[in-house]
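The next part holds the structures, each set out as structure tokens.
Okay, so chain A shows up in both of these, paired with chain B first and chain C after.
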Partner chain A sequence: MDLSTSFWLIPFYPLVSAALIGILRRGAALLAPLSVGLGFLHALAVYFLPRPARLEHRLGEWIPGASFGFLFDDLSGLLVLLVTGIGLLIHLYSLGYMGGKETFARYFGSLNLFVFFMLLLVMADNLLLLFAGWEGVGLASYLLIGFDYEKPAANQAANKAFLYNRAGDAGFLAGLFLLFAQFGTVEFAGLSNLEASPGLAAAGLLLALGASGKSAQFPLFVWLPDAMVGPTPVSALIHAATMVTAGVYLFARLAPLYSVIPEVGLVVAAFGAVTALIAATIALVDHDIKRILAYSTISQLGLMFLACGVGAPEAAMFHVATHAFFKALLFLCAGNIIHALAGEQDIRYMGGLRQSMPWTYRLMGVGALGLAGFPGLAGFFSKEAILHAAEGYPLLLALGLLVSFLTACYSARLIWRVFWGEQQQPGHDLHGWELHTLWPLAAGVIVVGYFGHLSSGPWWLLAASVFLALAGLYLGREMRVFEPLQTLFARKWFIDEIYRALWLRTIGYRGSALVAGVDEQRVGGVAGVAGLGTSLLSWVSAWVDRYLVDGLVKAIMLITQGLSYPFRLAQTGGVLQYALFALGALAASMVYLWAKQGEIR
Partner chain B sequence: MVTLLLLPLVGVLLQIVVPRRNSTLAWYAALATSFCTLLLPLSWAASTLPGDINLPWIPAVGASFALQMDGAALLFSILTGLVFFLAILASPGKPATFYALHLVMLAAAYGFFLAGDALLLFLCFEAVLIPMYFLIGVWGSQNRQQAAFRFVLYTVLGSVALLLGILTLYLAHGSATGNFTFALAPLTQTALPWRGFAFTAIVLGFAVKVPMLPLHSWLPLAHTEAPTSGSVILAAILLKMGTYGLFRMAVPLLGGEAWSASATNVLLWLSAAAILYGGFAALGQTDAKRLVAYSSISHLGFCTLGLFSQNSAALSGSLLQQINHGISTSLLFFLVGFLYERRGTRDLAQFGGLAKPMPRLSLVFGIAMLGSAGLPLLNGFVGEFTILRGVFAVHPAVASFSLLGIILAAAYLLVLFQKTMLGPVTLEANRTLPDLRLREWLIVLPLLGWSIWIGISPGGHFRLLDASVAAVVKPMLAGGRP
Partner chain C sequence: MSTGHYLGVSLLLLCIGLGGMLLRRNLIIILMSLELILNAVNLNLVAFSQHWNHVTGQVFGIFVITVAVAEAAVGLALLIALYRNRGALLADEIRLLKW
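== the complex of A and B ==
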């Protein structure tokens, strides 16, 4: 078995490591990065050595209709490389960042579990196995958001993330059932060359709902900012670089399916554009360094959805790749700042860190420029590709350009607030894993853009995006938002409040308390009512028994008595009188017979 | 197969012989008995299934002592043996009567799952009732009397309906063919007058036991008040008698007749309603056991949904989901029982932060919870997925409605997990609780292993179940074509 035919082993390195860590409860610091590193090397070999366009391997059956089938082509290969490569860097970074050695086993076990499920997701050859990975990364995300399980805020954020994802997953499952019902298969190979039909469109929409849960898109995006209570490396890997891009991967994988239902694609694109705009405006006014980055992630994912929706999944995947580099870099730099400032996350209490943290400043600057789409860096090329794809849709293009501008604004604002101005608290550069794992990421931000499909958009689009990026970077430094809009953005468009009132308070608390109460008192009371009914019935039957049944008997008795009354009168007891009656009767009957005979004759 | 029924009864005799004072010896005897009965179905699973048994019983009325073994019966027998063994393992130091009651129930449960004769099935169905009444009424917690009373009241109501249904079929079959018999196959597979009436009565009888929606109010009370082993057996075995009985006696009656479409429609919507209603009610509970009890109503809604969908994939899924529910819910009840043994309470407000003193218990609890919530690669997902996929093909509206139940399931289980295991340790008493002991590991490991096995490789289970389902579905379809 050579390296490329054994490609299906790649997900199992981290799984074995997670199991070993779980059983041994030691050696996590060695096992976890080693397993992901092995997976990365194996993936590199498979990706770059000569191989057929589509490697497949079937391990065995799972649920009837779906098997443990693995697939490796350019699309999944790209993601496997990203997941294992950036995953490796973040495992190494965590060695420095997650100080407390006693929690290593749980932390690295969960992180390895995440890498396994993510690899399962991108290497599955059918939708159902993809769904197993899909829910699995949700579980790993739950475990890692709630890593600090003694903090109630962490638990609530973890629950919130899991439940919003579950809501999306219910849609995903419904889409899956629809596909099963119509085509009898959910293997990717069987889901190409389809005919457009209302059923297919419905399935496409439902799967898109699932994607919007996992990739934090409107209307299900509210969990991602809260997820930032998790450890920063987790935010970098799961909630920026890899897991949240699963929705984009889904569209790219199902591109043949979505290509026959372009109307559904436009809905996806519209939701993506709206999400991108909303999230970018919030990022413009938020004060928490990690939440700013989280909203930025949502916004960038919105752009990717836009690209998928207009039928350009390759542009979206390009942006997935570049975004993974600059966003991971930004998050890890933010982690270093938070560490240096003893846990401070509010950018209002930062400033002037340029002198005390020079390396972090340079690295984060590169990340921010990459995000802002500075010409020549990775983000510029991939964003350009997306805008080019949206060219035929003026409204979507306008929104895309606006979001690009806002992206540059908040990137500049972030760097300006943190590193320029007056120094509020002294910081210091970190060393060891926490600094040196950042170099490859920064290098990626600079060079990755040249590996993609360089877009051949019209000159005016290129000029516009260069101009908007530079203008945004310049204006964003000291940008003030007008008052009513400021409130709207700072309150996050009130979406979280509405959801909390609707789902949590109304349905979650009141609804469940109501049902539980009703069940205890009313339905539980059915037994009581039944008991009461029985006693009522017995009272009624007693009444019936006493007055009707007894009454009937009495009535018959009375009637008999009444009828017998005249006869009783005759029964005087006198024998002579009886004899007289008998004689009279005899005489009367004789007269009757005599008369009768005469008549006959 | 007769051995399977006789062994527990021999165990009961042992319990009588055991010296009164020595409860450890009684426990060992009960453990040994239940373990031996578990070995039998396991050995059949490893080799071949035994042939049917048909002994004369009451020839005058056409009742025979008939036992049949097929894939479904085998899986339910294994579940029965395992759950009883573990339930006894979880209850050391009880008087001999306690164990004797368990063994009587064990024999009756085997008899029920293997019965090939309606009268025998009914008898076993009834025979479980009395020991359970005493188990709840004597060894339960505060409200045990009320719980035991309500349990018996409801179940007897169901039994009357069931008997009525069986007798209707018996008389209809006898008068139509001249052959008065209680054998299950001819009763359920012959086209008879009065079928609709018999179906209604039988469904009513078993629906109390499942329990289906409006007939469920005995369950939370009985579950909550019963001792740990009682709750486990109630959830894993007794509720399954309801669904399994429906599968053996009610589902084959469905066919092309006019009433069957409207009847199944009602039952499907009731099942969907049970899924959501049970889920919401579980979300609003403050008592750990009550929460799990309501979750049972929701999960069994999925089982009945599959049963009445008249789709063979969904039927197999439903049977598997019944096994799954037996595994996951008994696991949850065992774990809640372990907490109750340590703290003497099931009030969720009395826990919190237990992951700190007992990390291993919380890990097992987490896996049990995820299995129950239907996470892929664990058991619950396989069952729910197969059911919903089957139902979606025939009744998309009902299936979509039920799909909301999986969100609710995640919600109430996460709440349960958070309130017990996560957060800061708020009470001093919780700070020094001991983690899982060896005996407790022995209880949870087989269930965990089975749960993961079904989750990853359910193929073998499906092959066993598909044969039983085909035997039911074929006559059902044949009945559809007059």
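== the complex of A and C ==
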């Protein structure tokens, strides 16, 4: 068994490590990075050594039409490299970030579990196994978002993330059933040559709903910003390598399926574009450094969905790869800033950190330029590829260009607010793991763009995106948003409020009122009779207990006490008195014996 | 000297012992009185042994002496512990053997 044929072992390194950490509760600092590093090396070897285009391995049959089968081709290989590579850097970063906390083992165990499920997701060769990884990722994200479970906000955010994901997963599952019912298989190989039909379109839409839940797209994106209460490396992991890229991966994996139903693709693209716009506008006015990055992720994912929808999943995957680098870099830099400022996350209280945190400034600047699509950095090429793919759809293209402009704006605003201007709080550069794990990421932001297939778009598109990126970077620094729009953006387009009104008021409260009514009128009668009977019976039982059983015990006690009273009087405790009693008894018994002896004689 | 004389001395010892035990307050004196009673018993045993020309009584006497030694050791140890706890060894002030 050489390295290529044993490719299916890759997900199991982090699983074994997670299990060991869970059982041993120690050695987490060594085991967790080591397992992910082993997976990364293994994946590197499999990816770059000569191999067939599709490596497959079946561990066993699950149900007919779906097996525990693993698949390694260029697509999943890319994601395995990203997940393990970026995951390794984040594990190493966490060594510094979480250092000295008692919850070390729980943290690294959950992190390893996260990586395992994500690897399972991208290496599955059928939709059912992919769904297992999909759910596992949801579970691990729940554990990590709610990592500080003493904080109510963390619990709420974890529940919110889990429930919104469930809403999407319900769609995924329904789509899965629909596909299985129609075609009798959920393996990717069997889903490639299908004919368009209404059933297929419905399944495609349902799967897209699932993807929008996991990848935080409209209408299910509200959980991701709240998920920022988790530890910062976890946010980096969720945004860069695991979890949110799963939806894009699903589209890329099911590209043959979606290519026969382009109408569904257009719906996905439209939702992606709208999400990108909404999230970008919110990022423009938010004040929490991590939430800005979260909305930026949602916006970039929207662009990826746009690309998937117009039938260019390779452009989307390219953007996934570049995005992983600069978003991990940005998040880890943000983690350093938050650490240096003792937990401060509001950019209004930052500023002027350029002097006191020079290295963080440079690294985060590279990340932000990459995000903004500065010509020559990673984000530029991948965004260009997406815009090129959207060329045939004027409206989508216009939205895409607008979003690129806004992206440059909020990137510039973030850097400007945090690092320039007046210094409000003293900061300091961090060293050790927390700084040195960032170099590979920064290098990636600079070079990764040249590894993708370079866009061959028309000159005007190239010129427009260069111009928009530069203009956005220049204008974004001190940008003030028009007042009514400012309110709209700052309140997140009232989406949380709308959901509350829609789900809670109309459906939730009324539904619960209905259920309560049924409970009182139908079920309540039975419960009332039973309750009355129980209380009557317990009253009788209490009476018997109090007067009969207790009375008997008390009577015996009183009799014994009364009879023993005269004897107790003799027990004064004086030793001499007891000796006198003993002597008296001796004398009496002697007199008795003497008298009796006389009698016998 | 007949056996009766021995028994007389023994009776005298017994009475002195009993009197000391019942009338004195100091626990050490009471313990000493107890020894006197035991000695009275010993004298009795030895006297009857001589009278009946039978050795069992003398053996018994030696047993009693041995047991008395052990009893005195344990008793004195108890008294020391008691003195350390209470600071006094007066029999009528220690009333612990009570219901």
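Keep in mind that, in the parts below, the second predicted complex is superposed on the first by the 496 of 601 C-alpha atoms of A that agree within 3 Å, B and C clash if a C-alpha of one lies under 4 Å from a C-alpha of the other, contacts with A are read in each partner's own complex, and residues count from 1 in each chain.
Here is the rule we go by: a contact is a pair of C-beta atoms (placed from the backbone, for glycine too) under 8 Å apart; a residue touches a chain by one contact, two chains touch by 3 or more.
If you're wondering where the values come from, they're calculated on a predicted model, not measured in any experiment.
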item: Partner chain(s) touched by A:L580 [first = chain B, second = chain C, both, neither]; value: second
item: Dominant toucher of chain A (residue count), chain B or chain C; value: B
item: Touching partner for A:L470 - first (chain B), second (chain C), both, neither; value: neither
item: Partner chain(s) touched by A:D519 [first = chain B, second = chain C, both, neither]; value: first
item: Which superposed partner A:E150 touches (first chain B, second chain C, both, neither); value: first
item: Which of chain B and chain C A:V267 touches, first, second, both or neither; value: neither
item: Touched partner set for A:I495, first chain B, second chain C, both or neither; value: neither
item: First (chain B), second (chain C), both or neither touched by A:Q571; value: second
item: Chain B versus chain C as contact partner of A:L15, first or second or both or neither; value: neither
item: Contacts of A:L139 with chain B and chain C, given as first, second, both or neither; value: first
item: Residues of chain B defined as touching chain A within the complex; value: 150, 153-154, 214, 216-218, 220-221, 277, 280-285, 294, 313, 353, 355-356, 370, 375-377, 381-382, 385-386, 388-389, 392-393, 396, 399-400, 403-404, 406-407, 410-412, 414-415, 418, 421-425, 456-459, 462
item: Chain C - residues contacting chain A, complex; value: 18, 21-22, 25, 27, 30, 91-92, 94-99
item: Partner chain B, residues of chain A touching it in the complex; value: 60-65, 128, 131-132, 135-136, 139, 146, 149-150, 152, 155, 159, 162-163, 166-167, 169-170, 173-174, 176-178, 180-181, 508, 511-517, 519, 523-524, 526-527
item: Residue numbers on chain A that touch chain C, as the complex places them; value: 568, 571-576, 578-580, 583
